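Look at the two complexes coming up: chain A is in both, with chain B in one and chain C in the other.
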Partner chain A sequence: MEVRSQIAMTFHLDKCIGCHTCSIACKNIWTDRQGTEYMWWNNVETKPGTGYPTRWEDQTNYNGGWELQNGKLQLKSTSRSKIVPNIFHNPSMPTMDDYYEPWTYKYQELFDAPEGDDQPTARPISMVTGEHIDIEAGPNWDDDMSGSPVYAENDPNLDALSADVRQQMFEIQRLSFFYLPRMCNHCLNPACVASCPSGALYKRGEDGIVLVNQQRCRAWRSCIAACPYKKVYFNWSTGKSEKCILCYPRLETKQPPACHHSCVGRIRYLGNVLYDASRIEEVASVPKEQLIEAQRSLILDPNDPEVIKAAKENGIPDGVITSAQESPVYQFVKSWKLAVPLHAEFRTLPMLFYVPPLSPVMSGSDGDITSNETEDLFHEIKESRVPIQYMAEILGTGATAPVEYALRKQFAVRMYRRQLTVGDVDEATADRALFEADCTREEAEAIYRLTSLVKYEDRFVIPPAQREQAIEMIKDPLDHKQSTGFGFSSPPMRV
Partner chain B sequence: MALAQEQDAEQYFNAHCKACHTIGGGPILGPDLKGVLDRQSREWLVEFIVDPDSKLDSDPYAQEMLAATPGGAVRMISIPSMTPLIANSLLDYIVAKSGGDAGPVAPTEELLPFTAEQRELGMKYFTGEEPFRAGAPSCSSCHTTAGLGAWGGGALGPDLTQVMSRLGGRVGLTGWLATPASLTMQPVFKDHKLIPEEIDALVAFLESESENTEDAPSVTASFLGVGVIVAIAILALFGFLWKDRYTATRIPLVEKSKR
Partner chain C sequence: MLDTLLFVVLPYVALVLFFLVGIARYRKRPFSVTSLSSQFLENKKHFWSTVPFHYGILGVLAIHLAGLLIPDAILSWNAAPARLLFLEITGLALGIITLIGLFNSIMRRIRLPRMAVVTNKSDWVLLTLLMVQIILGILVSIFNGWGSSWFASSASPWLWSLFTLSPDVSYVAAMPLLVKLHIINAWLILGYFPFTRLIHVLVIPNPYLWRKTQVVMWHRDRKSVRVKD
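Take a look at the complex of A and B:
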């Protein structure tokens, strides 16, 4: 057993309102520089939808992630034999159009326009060429199911559904969607790190944050093809790859990442978990349907004396173990099994977990009248507007069991709280729902508290970084005052 | 360095002068040098041998001689190792040889007509089919002749179809090939001298080539044409081989929805 600490996250999709505040917070801090205009380290997608970049989940062309070949893990995008023939052209990358061509507006035209019969307008100009463009796509072009015939209907996750179910999903009375905020998963088995020929990508030892060394990056762009979530981006100005850094300068000062901090729906939870690094390869190689359980088993119980002992032997400080014991992520992922990884079938062991969302009551039309199909306040899980199978494609590696378990438990917690606060659900019904959901009253109370009454300190349990103390031993931090931030002490050069 | 002995001077003459000059054998590329000291002062001759270019550019006598020799426009080259001392030794050697009883320096052998085998072998040497014994590059690396056709040889050096008449016939060409005197060829052949057998074969071949009335056709236009066609063919092949390569995701979705 080799115990390490990893910063992990949980996004409670049932609480996401799709406001994009997280994306804007990230953009304003990290990607407002030249060459990064098109990058959204954090973005919010509407499901069903094709996302950003278009159809990122479909690896037919993008070739992201790992696959099992004769029981061995292999990168889909590259290998020792593929890297030489593709040395001058990496064929598996999204085009600029698949992201979108970033644009701004020529606001000066509002002031300079000659007097005329109509209002002056600020025309859009490309931030790449500086020329006028007709905007045809954006990072959230399919937001709230806009452009459905192009985008929502081409969601790769719909391929597993029957034609009937697909058609029903897009009937106006049954239409439903949910939001999927995405960012770097800081995976335990990162494909981007494995693919880099320069060794520029690395996973930080103390907290597992995946970073790109801007000095060592040689613009091979293998990481861009290898990441199945398409969360490594190429900066065309510096000629280096960039990605989410999990706001590590903030984490090191005990602040949550900007996207987490700014979240309006308070859907984001962050904390470290202890895991067994010696089992990573074994866990990433199990059959597809066992991946979610295997990944859960990789995360160790921070209260187990054996684990604590092994952690201390591996040099993990006491403060980090304590924060792992208080981690909300451990509760969601391990204790309650409410949160599941996104597309675990890519085999990167993502460390960002999602609580699947409940969807509205199903309605149908009787002639001209549209009404709810159920008299009950809450509908049966299997009759969700968003078909369970669809959700399972995204969050369950195609198996409905993990998603259904999480939804049923949330349903039971609602019944339990309804019985306590409103009283229109009798105790026996609530207890039966809890029993069916494999949940006790104590657990339901804890889930309710961490979901609805959650405080800042409960959502973000950040392990102590102790970086300053370490640095102070060798240099005076005041020498570097006003010289920190994302950038370079010496500018990166194309080599 | 002075060439103290007559033997040294003879060797030097054979190595550097014999390609174009005889002593009593009649003019080839350059004038016959028999009795040259009767025609010009020793001082003038030494100056000329050491630096032929400045004399050829300005001196009327040198220009007159240049026009009168069979080589016509072939200017005497300056020999890098030449010094006034060596020039004096050479002149002594020429005086000694001009005496008469020693006989002319070149040509000495009787000129027999070439055989068909020699001509054939010469063509093989020219094209490189038969390598030169000392490892010299084949002629067609740089030269072409009418007999080889459009793609026959290189375009770096001059067309050699009429080289016989340009370099003073069989004797001149043989001398030239023994010690190629041009600034381009000299360093290439200095350490890879052709042997008499090879020279005879080449001269035989070039003699037969001189019967062609026209030079080898210029290939620049057709070479360009073929190049363009081959480039298009390669691009078409790549386009076919990788026709299923990834180009875009979003645009095809938009196209599909319009149908």
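Take a look at the complex of A and C:
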């Protein structure tokens, strides 16, 4: 057992209101420079929909992630053997047109336009070439457009659904969608890291954050193709890859990442988990149907004395172990099994877990009549407006069981709370629902607390970064007394 | 005098620049060391420029290197006319592939507005130098045939005389004009090399072939952080 700590996240999709505040918070801090305009390290997609970059989930086209070849794990895009042909021209490399060409407007024209019969307009200009462009795509182009045949029907996840189910989804009375906020998953088996010929990408041992060393990146761009979530981006101006850094300068000072901190729906939870690093490859290679369970089994119980002992032996500081014990992510993923990874079948072992959303419960369609009746309040999960098979494609590696389990439990918690607060559900019914959902009253109470009442400190349990220890390893604190503060990347010099 | 300038001074200046600037740039400005790929901006023409150019140039350079390192082996290979012809034709074919690739590369940069944004003056100087060099190389191969033999017997000893710091221009002094131009331009490219995007050639990532799949880096030395407990 080789115990390591990993910062992991849970997004509660039922609570996401699709406001994009997270994306903007990130953009303002990190990707407001030339070459990064098109990047959205955090983006929010409407599902069903095609996403950003367009149809990123379709790996027959993008070749992201890992695949099993004769039981052995292989990168789909660039393996060692393919590196020579791929380094000159990577056949799996997306281009800017798969994302969108960033633009701004010539606002000055509003003021400078000569007097005329028409209103002056600010024409869009490309932020790459500076020339006029016709805007044809954007990072959230199909926002709220589910149901639209132009966008939603091209969702790659629909390919696996039967014609019936598809048709049902696009019936006007049943139209429904949910939001999927996405960011780098800081995977345990990152395809980007494994693909980099220069070894410029790496995972931080202490907290598992995946970073690109800008000094060593040589624009071989294997990572762009390898990441199945398309969360490593190519800066066309600097010729370097860039990606979400999980706001590590904030984390190191006990602040959550900006996207988490700003989240209006309070859907985001962050905390570290302990896991067994010696089993990564084994777990990433199990058959597809077993991936979600196997990934859960990789995460260790931070209260188990054996685990604590092994963690200490591996140099994990006490503070990090304590914070793992309080991690909200552990609760969601392990204790309650409410959260599942996104497209676990890409085999990167993503460390961002999603609580599948219950689709609208207030009104269900019954033939042509839309009902708002109380009986309908707790409709059968299987009759969700967003078909469970669809959700399974995204969050269940194609199997409905993990998603159904999570939905049933959320549903039971609602029944239970309704019985307590409104009283129109009787105790026996609530208890039966809990029983069927593999949930106890205590657990239901805990879930209710962590999803509905969540305070800042409950959502973000950030392990100490122990940077002071890291510094002590390299520098003698006495020698460097009075020399901290601002540093210089090159020595100050007067000329 | 002119010969000394072109075939002794120029090579040494180029070599010094190549090593000093190359190393200094790698150490002082590592951020600038990149292949500056433009595939992200355009993907189709990219294939027809980058791929033929690189396979071509790497092949051509490999043959030059063989002439330099194992001249005797080349000469004995060339003893049979059929084998000589084979080598000559291979060389010429690789040169033409390189030319096609470079031509496409230049056209791509001229034609596409997006490419203009990522092409600077230095790129144009470099692409021009490379173009001139490849055209000269092809002309040499056509008009001053059997280059693989005389490279091994004349150019190679001259280069070695440079490397061993006992320059002897007599080997090159008698060469035809085309060859001389090809040689001079080669040194210009080598001297200019470390200032340009060619720096990427020096950082080809061979360790990828043997390193572990995943890369994990630690800030702390885990074993020594915790003394006891």
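The rule is short, and it goes like this: the second predicted complex is superposed on the first by the 450 of 495 C-alpha atoms of A that agree within 3 Å, B and C clash if a C-alpha of one lies under 4 Å from a C-alpha of the other, contacts with A are read in each partner's own complex, and residues count from 1 in each chain.
Just so it is clear, a contact is a pair of C-beta atoms (placed from the backbone, for glycine too) under 8 Å apart; a residue touches a chain by one contact, two chains touch by 3 or more.
This structure is a prediction, so every number in the text was calculated from the model and none was measured.
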Under the stated touch criterion, which partner chain does A:Ala401 make contact with: chain B (first), chain C (second), both, or neither?
neither
Which partner does A:Thr95 reach: the first (chain B), the second (chain C), both, or neither?
both
Please indicate which partner A:Ala219 is in contact with in the superposed arrangement: first for chain B, second for chain C, both, or neither.
second
Counting only touches as set out at the top, which of chain B and chain C does A:Thr54 meet: first, second, both, neither?
first
Scan A:Ala113 for contacts with chain B and chain C and give back first, second, both or neither.
neither
Touching A:Tyr151 in the superposition: chain B (first), chain C (second), both, neither?
first
Once the shared chain is lined up, is A:Pro190 touching chain B (first), chain C (second), both, or neither of them?
second
Broader residue contact with chain A after superposition on the shared chain, chain B or chain C
C
Chain B versus chain C as contact partner of A:Ile135, first or second or both or neither
neither
Jot down the residues of chain A that show up as touching in both complexes, chain B in one and chain C in the other.
94-95
For the complex, give me every residue of chain A touching chain B.
50, 53-55, 58, 61, 91-92, 94-95, 97-98, 136-137, 149-151, 154
In their shared complex, at which residues does chain C touch chain A?
30-31, 33-43, 46-47, 50-51, 54-55, 113-114, 116-118, 200, 203, 205, 207-209, 211, 213-226, 229
Which positions of chain A touch chain C when the two form their complex?
80, 83, 88-90, 93-96, 128-129, 131, 189-190, 193-194, 196-199, 201-206, 214-221, 224, 234, 236-240, 280, 312, 314-318, 466-467, 469-470, 473
Chain B contacts chain A in the complex at 245-251, 253-254, 257
